[in-house]
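Going in written order, the chains are labelled A, B, C, D, E and F, and every chain counts its residues from 1.
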Amino acid sequence: MNTEKNRNSLSHLDAKGQAHMVDVGSKEVTERSATARALVEMKPETLLKVIDGGLPKGDVLATVRIAGIQAAKKTSDLVPLCHPLMLTKITLDIEAINETQIEIRCTCKLSGKTGVEMEALTGVSVAALTLYDMCKAVDKGILIKETCLLTKTGGKSGDWVNEQEGNV
Amino acid sequence: MNTEKNRNSLSHLDAKGQAHMVDVGSKEVTERSATARALVEMKPETLLKVIDGGLPKGDVLATVRIAGIQAAKKTSDLVPLCHPLMLTKITLDIEAINETQIEIRCTCKLSGKTGVEMEALTGVSVAALTLYDMCKAVDKGILIKETCLLTKTGGKSGDWVNEQEGNV
Amino acid sequence: MNTEKNRNSLSHLDAKGQAHMVDVGSKEVTERSATARALVEMKPETLLKVIDGGLPKGDVLATVRIAGIQAAKKTSDLVPLCHPLMLTKITLDIEAINETQIEIRCTCKLSGKTGVEMEALTGVSVAALTLYDMCKAVDKGILIKETCLLTKTGGKSGDWVNEQEGNV
Amino acid sequence: MNTEKNRNSLSHLDAKGQAHMVDVGSKEVTERSATARALVEMKPETLLKVIDGGLPKGDVLATVRIAGIQAAKKTSDLVPLCHPLMLTKITLDIEAINETQIEIRCTCKLSGKTGVEMEALTGVSVAALTLYDMCKAVDKGILIKETCLLTKTGGKSGDWVNEQEGNV
Amino acid sequence: MNTEKNRNSLSHLDAKGQAHMVDVGSKEVTERSATARALVEMKPETLLKVIDGGLPKGDVLATVRIAGIQAAKKTSDLVPLCHPLMLTKITLDIEAINETQIEIRCTCKLSGKTGVEMEALTGVSVAALTLYDMCKAVDKGILIKETCLLTKTGGKSGDWVNEQEGNV
Amino acid sequence: MNTEKNRNSLSHLDAKGQAHMVDVGSKEVTERSATARALVEMKPETLLKVIDGGLPKGDVLATVRIAGIQAAKKTSDLVPLCHPLMLTKITLDIEAINETQIEIRCTCKLSGKTGVEMEALTGVSVAALTLYDMCKAVDKGILIKETCLLTKTGGKSGDWVNEQEGNV
């Protein structure tokens, strides 16, 4: 296997294997969007403290939503090689999909030169951490699972759908 | 079910269900530590671009490590109801545990009035996001799974081990 | 008037009138708390969009609360000569006190060497800005008035109550 | 009253009352500006420690100015649903308008898709907090009052002047 | 000497000598780049702990590189009158130029209304601080010297080369 | 030469050469201080725009001072392996030491488990960058030279004075 070529194909490394923030100056400005997802798995009785009969209880979900939205804006501060971006839209949806799992989805949009996949993934990740934090006094074993990108649109590489995820 | 009592048992909500940063002023200063873990699942050929024969390639793992360490320090800025803390130690370990999975572990320590579970979880989460970012040009379907707390020590609630995780 | 003496009495300036972060190293660690307040005045119909019959509508108040709590933690980053602190408690209360005014109160606590007045004031100020932001599409003339410290306890200067504020 | 419609008219909430960062992707890029104002009221002897005969004393006003300018740039980090923006201009003016009141004005400009009202308001608010901080050792009863937007230009909603403020 | 004129010629001060963030709204969008440099001087035995035979040892250089790249993105938060920018490229090169000196170079690019000199200088400065931090346990006398701008391109003032620096 | 031993002697690397934030949990709390220095060299006519006859002109030096103080507080966010600290004092002094050089000194204090050398060095570095920024419209060739630690006190390694610097 041609190791040198493999290494170079990781776009954030240069030919010497050194990290850099890649030049997107010559990329086209296109409309870009991305949606990511995280599943937070907890005991049924924990879930009922957060959402009961479809109704959110207290400030829990709003806190999770705000944390995720603010984190999406901080992506380039958290993920070292991400470009600073001016997102034009962030939404964060939270839903109990069964009696032990809460799904968090984040969609980001941008009219710009680089994709917003990392922003959507950062949004769901920090939202999931915040949900853990709100519930940890009663359930330390909560699991954040299946954090992944669901779809992206725009850019040179075009649209992409995560085909392994049945519930997209 | 006594909903009122349930709601109150989420420590970050007051009796009216409103979010607050809880008073830890009267808690004892004890030695505290926490270890969290995330698994990042990717195609075998992606993993070989990052680690080959146990040897890291280029700056990838160092970038992931630095991102996780810096994020652990930012926890109270990311997770809204976390207290600002002065961590005395942060380590981040990254290891390929089979041909498709990289495990990230973060351990944080503090001599203080509140636990460091969220700091360890934030460390592994942002490290995993950074690993995704480094590899996404070749593999958008990477999955971050099984992010969870493995152990904690110290504090009034004492030590805790995640018994559902066989590989602790 | 002895201008030199006056100037020096502003603790954040040295004898030459230059800004510095004062030395609190030799101050005693005491329990400290502070409560600040802001009034946000709006049209009655705007207020009804936020709180109706005492019930908050949607995520508005939770968003305001989270923004204020997070801002209190950022005080030393915003107000240049404030010391970094590890607040042990932050609460933020929001209440309609009549049909055109919403009162925001923030209480901060610390076991430390310097007071938390600025943290409480920063909390109510950013909470008020966020309330303005949530409502500005329908009412740009909203006024943030009477932002002030209500009480403080602890420290060498001891307890203090704002006697000009009847509604403390 | 049609509560549902009212709630929706708060642009930062969706139809379910959930907070989101609204989509400005399709809005036009126009020249935008906004000017906000805060009044800081203190004892006459406090004011003389800051400005005497029109001359600033020491670093106080420069510190206030820098704090306000830096805060305007942090608006999207402080106010959760604000879009990140690349302000093209920030000015902050500070003036004693009588023997007990100092007026702070902040003007922000942008060539972009969303207004800069919150940036100007954040600038004056943090500047006022910093002025309080500089003076609090001698006057804890300082009041920050009448923080409001004075004017805005640009955007779909066009120009706006605060007609209740005689001293615009 | 015409002091008034001199003072005004510092672009970040207005006619009264007050700091402001200058209006770049009417400046043209051009391609801009800047390269800065810092030299870090240490004992030969310290340098060998970092780079040996041209090979970096452990995570030192990667840590320095990531710190510099992240700092360049934070420039407008660190240097008070800098405009927020969306850099399109950041690279950071580190090289031992003799047995006691390591040279750090940072290049930034932007398609925008204002130059990126400060971003390149901030990148090398924080990278140099990080290199100091990594080595300070063995060599506290490390010197950061000759931090300067090497070249800039774009903007109304056009291209510029630092002619005093022989090794550009 | 025993390379393995050398590498380990860099305290921020573990035995495998991987970066970590070292455990200071068992270190003693002592009074610690550090003073760092940077020299900024510019044309004589540039220096006169900043300081004339010993008198600062306009807001330049105050802006530099505030930038340095705020940066010292951000050290653990900028330098990846630094511990978060609660500095008890920061002072920043700026002086023209001859007709082409301005010396910036920063002193930081802490009662804590780890030294404040990096905080003092970060303070002078960002102050020097800000001075460059204020003057760059008239003098792009400004050089930041001789940034170094002058003294430190406290901690297990005890006091230290930079003996190569004649002007300590």
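We adopt the following convention: a contact is a pair of C-beta atoms (placed from the backbone, for glycine too) under 8 Å apart; a residue touches a chain by one contact, two chains touch by 3 or more.
Listed by chain with UniProt protein names: A, B, C, D, E, F = Cyclic pyranopterin monophosphate synthase.
Remember, it's a predicted structure, so these values are computed and weren't measured experimentally.
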In this assembly, which chains make contact with chain B and also with chain F?
C, E
Chains touching chain B and chain E alike, please list them.
A, F
Have a look at where chain E meets chain F and say same if over half of the interface residue numbers show up on both copies, different if under half do.
same
Of C-D and A-C, the pair joined by more C-beta contact pairs is C-D
Of all chains, the one whose CA centroid lies most distant from that of chain C is E
State, to the nearest whole Å, the distance from the C-alpha centre of chain D to the C-alpha centre of chain E.
32
Indicate the whole-number Å distance between the mean C-alpha point of chain C and the mean C-alpha point of chain E.
37
Considering chain F alone, which of its residues make contact with at least two other chains?
18-19, 59, 62-63, 65-67, 70, 74, 80-81, 84-86
Using the contact rule from the top, write out all pairs of chains that touch.
A-B, A-C, A-D, A-E, B-C, B-E, B-F, C-D, C-F, D-E, D-F, E-F
Counting only contacts in the complex, chain E reaches chain A at residues 31, 61-62, 65-66, 69-70, 73-74, 84-93, 109-111
What residues of chain A sit close enough to touch chain B in their complex?
1, 3, 6-7, 9-13, 16-19, 45, 48-50, 52, 57-60, 62-63, 66-67, 70-71, 74, 78-82, 117-118, 121-122, 125-126, 128-130, 132-138, 140-149, 152, 160, 162-164
Enumerate the contact residues on chain F facing chain B in the complex.
14, 18-25, 76-77, 80-81, 83-86, 113
Of chain E, residues touching chain B in the complex
59, 62-63, 65-67, 70
